[in-house]
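You will see two complexes here that share chain A, one where it goes with chain B and one where it goes with chain C.
Let's turn to the complex of A and B:
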């Protein structure tokens, strides 16, 4: 495979090395300088280098997008192999197909823009080395996930995402800044703290992710043991069901998908995503748009792309895809409801991301019945969502910076003084909610079509859920705009700088307009299909519902309702993370601790003491006096006589 | 020929150094000791990369002992490399640490002359490390036993003389337990010798049930499994930290090495009782994993994590050829990770005057960032994130499917084992290094307390990439004869 490709892909090895290693290596200067001597003034200029590393990645990713093979959903994937464990048929296999090329470019663009924003946002931070190292590692890991065909290699990137997200979420490890918390400080419900510090946020993230990653890792090991191949595009997915049966496929795929489910925060693993907001806003922006959470759905799309379940029609896969479809829709509905009642800027956006991820899962899962088009819908929704969500997070970060308040607040004055933030928010919310004829409308129309096609299998339930979710979704986006720029409480602004930050998010939001242009003018699939779906009256009707919901959110952002508190407390799902699981764990730990004490006592107290008692006893006997020995002998004789009489030997 | 020659010479260097070191000044002795392990490390790495496999005869003895020879193959090279790397780095680390320890002991009036104590220390330290190095190259079970005993004696003396707390009691406790292990194994070895009329690994053919059982039980005490594990927290916590940093990463894992060698001769016992052993191993690992959460002493906490990690070794040995690869890699990854972690614990003890109570820590990243970051890599290695530990878990899981298929109970149990490792790792990171700083002064400390940790960390990460991983795993594949093509 390699031989043929080398001529086609000149310098590919070097380019890929640049792609993955330049961000990491470029972050070394700041990481090392900070490690040697924290907070020197000269070191505060080094982050520019890190961003340059991201820029190099961006150039390579764009080169790959436009120059390696044809950019079409039907194009044959191009692969490039670097030997790793050739004896085990496990190699670094890079794959360049429709999904990976676009996703790689998306990741690189977003990471670069957020990197630029971070230059200003993080300027006065106390932990720059840590921040930039993990930020760049985060990006490189995501790129590795994106371009991997080999699952073990993908797992390196996957674990890199996990550890980098942990590092960044818990970035402000001192837990001393109220602004970095999530939840209302000192608030308790049923004895449980309803606020989370950054170090807790990091712990919740990594602990949840580990729970998903290990089953996924098992699935990898099992795939390797069963097929001897770990390349997604080469694993004989159809033959697998013959080999291990329907139950085997369900177990294997469910184990595998535990990874994507936890990474993408689907129910019931959603809590970590909400408390991930303890990290710097740049991190939230990256985490929520093109890395980490997107990695979960991306991997599912990539799997579906090559499993091609629509060609197989196998029972095992069908169960799995039904599971993903409904888990996605339900998670999405849950998150949308939570987002309506959340009062914190970033947590609202976090919940909305979870909702979007649910839709991506559901739409990609519908591919079992619809075909490749469903995956494309999910994928283009991911891209649209990524730019919009990154913009909203960056704006939120800027607002938090200027208002020193992480709760929704701000009135017309904010809109006047932070014009660009206001404009970016307007565009991002309108373009994301699916109001015709803006960007997300077309892809959402495609999604309406996909869910509508499931009528034969599941009735109108999926479509009804999707429309409900879309309406709620646009409602809280309207609320977000309104509560930050129109109807929020008056705030005192601490305006300083902000030029780099606003440039970054304006560039980010302008990408939405570029994509809109693509949807409207392109003659290629899947855009033609999106366009076609968008012109249907039913899609337009949904668009109107969405517009109405958005307006309601905009003009009446706050409603008093008892159920609001329930939603705002995220339906108390955190009891699973913070109460049920730890309680069980600590109970076991306690039992185990008693066990240890018991063994310790037995081996190191009881048995040695027993020996002491015996030895004292034996020494007591051996005191050298003849009288005692005589007594013992007589005693034994008497005992024998008694026994003998009793036994009837002596008459 | 050149590789045989260089191996022998490089193995002799640390042995000779052992007897030279007491004559030198502490600082010089430190560097010589480290160098005496770095040279064989480089040689062994070269052997590992070139997939060397050979024997160097030493002595031919009569039955039932058989030939004494050095056995170099990818397995012993992998173990040998680990021993050398960790020993060299811990040697460097010993200088500032033991200086601190000796000063403390002088204050307490327990010793008088620091230089004199350093002479004893360097002799015992090098003897301890070199005996483990020779152990992995020993091609005869008796030779192997001899080195096992030497390492035991040297480490016992180090604990007895320089340990913490009730060190004489702990030393004897350690001695008795490991002797039980040694005697059981020796009995097993002798029975093997009498039935085969040799103890040379290359001429052994069968190992009966009883000798296998004795060796297995002995090694379970040493490894340790649940039950006998109770000696380990005492010994690891109260030993001076450089000794803990050899004891836990290298010594206990060598029990896994012995089992592996015996398995390669005759796997009958493990194959026969696979289900019982794996159940015991899983319970032992989960049990120890849960114990970690309750520990209040940093070193004791790490000791329980060792028990949990050694459970992996015992699990892996039940899982066929892939499992055996898992044993080797698990040994390496645990050695890398745990030596880093024990050294971080020691660095905190040395810079904060005996601080080891976890409850008094918190936000330590504020005061010792380099140590905290090293600890992170250590825990990443234990939980298999971005380090060699990843391969260990991968091969264990692949072996699991090969041997047990889709047996849900076993799958869930092993997955639980791995999850718990990840959880206690990051829980410990959180309570010790993050959160609100506990209010100490930011200390200044010797570079030797943190730099060696990063050298080990480098290898821990480097081993997932070519050429190291390629060579290591190719060697394993050839040696363990996994399939002709691919499964």
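Let's turn to the complex of A and C:
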């Protein structure tokens, strides 16, 4: 960082402190009040303060977006360093580049809107202090991940996300409300419970994430040991391969990416995301749009942004990017298939998120062959998806609130009575599925182009997968709309309030229209390219396929089939989480137990007994007979003489 | 110094003669006889040795019906004078004489008890001592008369070591120790375990320093092995017995093993010789005060838990007690003369010794009653606190010893 740049950033330290700490500090009043005396009426007004903290963060994020440096993919990143351990080159390094500025603003906007929604949604909850503290910690952690250039600092935010997600997913820790479960209660398959309580959901989330965080942590250590630098934008990525070879790079990057893979719920670590739906809907909305799961893909994009693999053409990175490309596509296909057959509102959306995340990974991974454009496609897809998905979750939460049913249900009456929810759902599903000429269509066209360009390396496989996924994806979005507002079973509505909630999601969904305007009118990269791709006949053809799929989903949302049950049971991937891994765990515990028993036996029996035997043996000599003693003495003296002669020989 | 010794001996003769009149006169005169010699030697060394002798003499007062009352104090005084003189003796003949002078009085003392003379114990003890003295003397004389690079030298060296081992009770020729310690009266045993131990070691140090070179590697290895064996035999032997005398007997075997280990350091590296000797002699002081304290407690039928634990912790080697510093010096000298394995074994043995020393404190720390014996125990345990001043001064004193 040069001197000049410091002058360009007046008050940056204070601003960043506001950005990260205001949400956390603002959540203290409610957390403390609730800790002292749960459920006082006056304390129920304190969450407004927490939301205000989120609003402060939003203001700072917007200020950074528009005032710090130039907003262009080609702009030089601006960095701000708070020195911590300069001798070890470990400092709080904040980076403001195209990705972080947009992502930070996105996070702050969505967190704020969901916070507002939460004021009404969580009004009567029994654990408000816990909820708001972790909600705001969640947001602050994500912002830290977003703006960090230093990996160690990023890791702090990363772990903050982990702990907050555990707290929020398991928020309803009493497991006493059927509405908060995932799966059909009491249902079993092959002896395994096919339903999950909030506390199980929280545990599954944190345990899965930790499995990825450990290798990531070691990879970080290795990076520091090898390069002495932890700033993503400064690590000599190209030199690294020369240093540790192809295998070294593959191992290192795979270990590092275990973190993003688990956080972003790629196969086979997807189960936790499905049962994360046991948390409050606001949590699901935040978790699925701009924080947590997005953090994984975001970190991968940021890495690619600075590794610039398209410039390097190194074998090791190529293997890594191939891995990510296909893992993303396969995860996406899996999740899309699961989503088609899911009967629960939020689980359907969860599966769709996982599908989208797969596409983001795949698209960003394609940057190895395509260049920066692929990362931009992935990034803009992330943004589009974030608003749409947050909207859908908030609507789903509202619907669950009004219908007291977490399964897909509702007919025209729901659409009539909850007009705004209906409108928001229509816009969100259409804009997200990629129907021309709506928002996601343009960015999906860009993605079509990216996958098409991979023809030389992988044939038409990536493109074919993408088109298939897109079709299925829009199909279940249509189904979601249909099953909630047209063709679902009739429900009894418990209408009460909902004004704040609908305001929040209407605002959220309107962001999609703003972005559409941006795509259509902007003369900047990458929007020009999106527009250009969108005008290609091939893209239009894909758009038509998507439209047809959407229509099928809309008009024929249900189809009985054994395959449907298989998909609905998420292809039984939960056996990995709930059966295989615990079995391994128990096996390890068994081994440890045997080790323990061995130590116990050694310390409490073998060694004492050995000493007892030897001790008695030593004293056994003493029988009082002088004759015996003299024999021993003479024998020893003779032995010593022999030894002395032998030693004299040597000397 | 010859003059002072002459004076002392005359006083002692008078003291012994007066003992037929009144043993208390003899007591006072005997202790007074030490003073001229003590005053002319190194102040600190003299004070410490005199302290040991004083405690021995006072503890002898505890014995009722002593057959040789009066003479015994004179014998303590003679041993004390010999020990004091050993500090400056360099001549082989004088040193061997001192060896005998310290050894012989114990032949008689060990038989002393409340009722009759314990002759069977005496026979066992004397037999060992005679063999030990013969081996030691032959070894010493041969060492001085042959060159380093001969087979006779090896034999002589090891004879000296075996003689020393029998004299002080190092495994595997320690058999007299458990028997004598548990069947003789505790008070004479405490004298055998304290005042009688200094001279053999000091003389052995001087003889080996005068004659050995680092070239005798295999012989030092044998010494190290004997030392290690003695530590293990002593500590493991003591580990599972509940008889305080037995515990102390094996504890002596172990402690003598620690001290024998310093011989490895002395011959291997000349730079750390003072640390080795200081460690060895300081360990002898620890052993002396400790044994006087514990054996007198046995005689007394218990002592205060505080004094008992003070002695125990010193034996275990907790800072800042004396036992910590002695072991530290020994380990230090071993490590820097590349006998790390021996240092490790020593540390290991210190750990093994913890349970039985604590058990000893529990068995003997039954309660304080004011008595002469308890006063002796108290002073013995207070002596362990001398090293509250870190005993680099002790190393300086040892560096003033003549002939090393």
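The rule we apply is simple: the second predicted complex is superposed on the first by the 592 of 651 C-alpha atoms of A that agree within 3 Å, B and C clash if a C-alpha of one lies under 4 Å from a C-alpha of the other, contacts with A are read in each partner's own complex, and residues count from 1 in each chain.
Keep this in mind: a residue touches a chain if its C-beta (ideal position, glycine included) is under 8 Å from a C-beta of that chain, and two chains touch if they have at least 3 such contacts.
Note that the coordinates shown come from a computational prediction; the quantities given were computed from them, not determined experimentally.
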Note to self: In this superposition, which partner touches a larger number of chain A residues, chain B or chain C?
What the structure shows: B
Check: Once the shared chain is lined up, is A:135 touching chain B (first), chain C (second), both, or neither of them?
Finding: neither
Note to self: Let me test your reading of the model: by the given contact rule, A:622 touches which partner, first (chain B), second (chain C), both or neither?
What the structure shows: second
Next item on the list: Go through the superposed model and pick first if A:648 touches only chain B, second if only chain C, both, or neither.
Entry: second
Check: Where does A:196 make contact in the superposed view: on chain B (first), on chain C (second), on both, or on neither?
Finding: neither
Notebook entry, point to check: Which partner does A:637 reach: the first (chain B), the second (chain C), both, or neither?
Noted result: second
Margin query: Please output the residues of chain A touching chain B within their complex, sorted ascending.
Written below: 35, 38, 82-89, 152, 155-156, 159-160, 162-163, 166, 170, 173-176, 197, 199-200, 202-203, 206-207, 210-211, 213-215, 217-218, 220-222, 224-226, 228-229, 244, 247-248, 251-252, 255, 585-586, 588-590, 592-593, 595-596, 599-600, 603-604
Margin query: Going by the contact rule set out above, which residues of chain B touch chain A in the complex?
Written below: 173, 227, 230-231, 234, 287, 290-291, 293-294, 322, 363, 365-366, 369-370, 373, 380, 383-386, 390, 393-402, 405-406, 408, 411, 414-415, 418-419, 422-423, 426-427, 430, 433-437, 464-466, 469-470, 473-474, 477, 486-487
Checklist line | Of all residues in chain A, those that touch chain C in their complex | finding: 611-612, 614-616, 618-619, 621-622, 624, 626, 628-630, 632-633, 636-637, 640-641, 643-651
Next item on the list: Would you mind writing out the residues of chain C in touch with chain A in their complex?
Entry: 123-124, 127-128, 131, 135, 148-155, 157-159, 161-162, 166, 172-173, 175-176, 178-179, 215-219, 222, 233, 236-241, 246, 250, 352
